[in-house]
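For reference, the structures are reproduced in the following blocks.
There are two complexes below, and they share chain A, which is joined by chain B in the first and by chain C in the second.
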Partner chain A sequence: MQTFAFWALAAAAVGTGVAVFAVDSMARATFSLLASFLCVAGLLLLAGLQYLGALVVLMMVMEMLVMAVFMIMYMMNPAGLMPMTMVHNRRGALLVSGGLFAVMAAGILLVRWPERRGRPPADPTADLGMALMGPKMLVMMVIGIAILATMIASVVLAVRGGRYGRAEGDGAGGDGANGGGAG
Partner chain B sequence: MSLEAFLLVAAALFCVGLFGALSQQSIVMLMMGLELMINGVVVAGAGFWLRVAPNADGQVLLLVAITVMALEMAMGFAVVTALFRARDVDMTDDAGDLKG
Partner chain C sequence: MRESPVWAVVALPFALALLVYAAAALDAVLAGGGFRDPLYEGVRLLVQQRRRTLAPDRLLTRIGVVALPLAAVLGAVVVPLGGRAVADLTVGVVWFNAMEVVVWGAVWLAGWGANSAYGLVGGYRFVAQGLAYELPHMFALITAALGAGSLRVDEIAHAQGGLWFAVWMPVAFAVYLLSAVAMAFWGPLGHPAGNDLAGGAAVELTGPDRLVFLAGRYLLLVVAAAMAVPLFLGGDGGPLLPGWLWTLLKTGAVLAVLVWSRQWLPALRMDRFMTAAWTVLIPATLLQMLVVGIVVLD
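Here is the complex of A and B:
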């Protein structure tokens, strides 16, 4: 049963991943990506990683909803009412990715992988929590600082404003490096 | 579920993402490709955790990978917004100032 669930989720994850670049609608592409993430979260849960599986579900649902908003903001064809082709060098990309998959698959099947050391803990979530609050505290602190830095950097990049505050109009009153109107 | 099964799924996801990252003109679609590639890394990490070293180190590494995925998306959207605001550009081909 578990093996069947694994392969069903794996096929769905890859299939919906392919669909991201095959469907006509930007909204459908976003939700295909979300489906792929949810299938991967299912794989994590099957592996016994309950916390990380739940984290992927919660984070990706929010992230894909934000992405859907951006899609509708920036793309000319969010509803997929007409076929769209926004690709370049499709054949080259297919060759590179297909060739890489063949090499990786050959390596995966030919390499002699090491034996498992130890057994999975009874409660992997507790194990992770104890590690993060103990010997791996530095990792958690670096992650926190990285998130803070990203929040500041993304706001600085995204906000229309100059060095001394918000620019007026289309940049006429501002002297900021990233101010100025679009177009 | 063997390690090879996990790694094959991971490789497939990574290569689908690579195809998107290489072929898409839209910056947002390109970022979707990058997300799929990191998704593959997460699956491979879960396989290694389960079948090679089921200790906390592997879970911490996966947590870092998932965080990177979220941060990449946030920074990507900010860069797209800045680029669109400054130049009215949302395609990679139009944003080639540093192209040699």
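Here is the complex of A and C:
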């Protein structure tokens, strides 16, 4: 049963991954990539890593939605419902990806994999937490604060403020793109 | 994961259906209608012919429509509705959070797929609203988990023997209720499907599609209300009455407040909500977490 689920999820992950390049719509490409990641999350759950599996679902859905918003925002055809091809520079891309695949496949076959030592812990989530936050506490805290500061700083820079308040002001803004403000 | 009795699996759909109908009926009564209105509306939608738009993405729209109730039900499997959860995962809180984020995709797809400007705007509104409510919501969930020292929903519920988390984590509880309304795009945070957009993300949904989508929204509201009980309201604990009845009563009370908020509070624009969320709610929930953390370490 588990073996069957593994192969089904693995095949679905690869299949939806291929679909990313085969479909003719930005949204379909985004959501087939999401489906591929969800299959990977299923594989993690299958391996007993419940926390990582749920986390992959959580992060990937949010990530893909934000990505879909930006992709469609920057595209030429309105809202991305017109068919369009998902690939360009076919020959170069095929060469690069084919070469990369060959190198990685060779790596898998040539590397001497270590033997399994020890047994899986009773609660992988707790062990993961200890591994991340135990000896590496300082690093994780610094990275966490740096990411939060970067996010807030980039939002502050992106929001255009002016003499008359914020751009999409709370009644006080005078932004032309908003169809004229209080002035 | 602990083994759950079979009756928990059988009882879950009935409990959910009952609460969904109760929520819809309460909303109809509060709006001046009768409690049988949702039934009539459901039958009407079931037999209504589908309206079609020009060049829609039918596959993605359907996926979005079906994903909404599906996400709610998958989130409900870790909620001990009636005593025991169907699947008491060791990381129940994270699972619940992951399932409710699927709603982002569902609403966006349903709004975008119809090739309609209003639907598209509604879908975008929901993603913006999601970016506003999700971080405070996560902090509120984690605060409850921190108070109990566990991500398992059952253990969080039973860590509140002495004092409900709602009492000594009021900020987290309030933020949880607010984000419950936001994730179900309901009432004050219903702008993604607002009247100013002729129905927003749901504008082009007709017939059974609309029925599934709207029922999914009520399901989300129900599941969010049901999750508040083990997280903040002491789970099935209470005097005299049996545990499952307490769970149901508490869920019903939270649900009634959430439903009532639609009549009671004005609609909130999500850009203002965004500002408030990032400048007020995130610092407030972080401070709440700090206080809880200090108490727990003591």
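In this text, the second predicted complex is superposed on the first by the 131 of 183 C-alpha atoms of A that agree within 3 Å, B and C clash if a C-alpha of one lies under 4 Å from a C-alpha of the other, contacts with A are read in each partner's own complex, and residues count from 1 in each chain.
Convention: contacts are C-beta pairs under 8 Å (C-beta built on N, C-alpha and C of every residue); 3 or more make two chains touch, one makes a residue touch a chain.
Since this is a predicted model, take the numbers as computed values, not measurements.
After overlaying the two complexes on the shared chain, residue contacts for A:Leu55 are found with chain B and with chain C alike.
In the superposed three-chain model, the partner touching more residues of chain A is B, compared with the other of chain B and chain C.
Of the two partner chains placed by the overlay, neither chain B nor chain C lies in contact with A:Ala22. In the superposition on chain A, contact of A:Phe37 is made with chain B only, not with chain C. Legend: residue contacts after superposition of the two complexes on their common chain; A:Val66 is shown touching both chain B and chain C. Look at A:Ala106: by the touch rule set out above, it reaches neither chain B nor chain C. Taken together, the two structures place residues 51, 55, 66, 155 of chain A in contact with chain B in one case and with chain C in the other. Looking at the complex, you find that chain B touches chain A at residues 1, 3-9, 11-20, 22-26, 28-29, 32-33, 35-36, 39, 42-43, 46-47, 49-57, 59-60, 62-64, 66-67, 70-71, 73-75, 77-82, 84-88, 90-93. Across the interface of their complex, chain A is touched by residues 55-57, 59-60, 63, 89-91, 94-95, 97-99, 101-102, 104-105, 108-109, 112-113, 115, 120, 124, 127, 130-131, 134, 151, 271-272, 275, 278 of chain C.
Residues 25, 27-28, 31, 34, 50-51, 54-55, 57-58, 61-62, 64-66, 68-69, 72, 79, 81, 123, 125, 155, 168, 170 of chain A touch chain C in their complex.
On the chain A side of its complex with chain B, the touching residues are 2-3, 6-7, 10, 13-14, 17-18, 20-21, 26, 29-30, 33, 36-37, 40, 43-44, 46-49, 51-52, 55-56, 59, 63, 66-67, 70-71, 74-75, 86-90, 92-94, 96-98, 100-101, 104-105, 108-109, 113-114, 116-121, 124, 127-128, 130-132, 136, 139, 143, 146-147, 150-151, 153-155, 157-158, 160, 178, 180-183.
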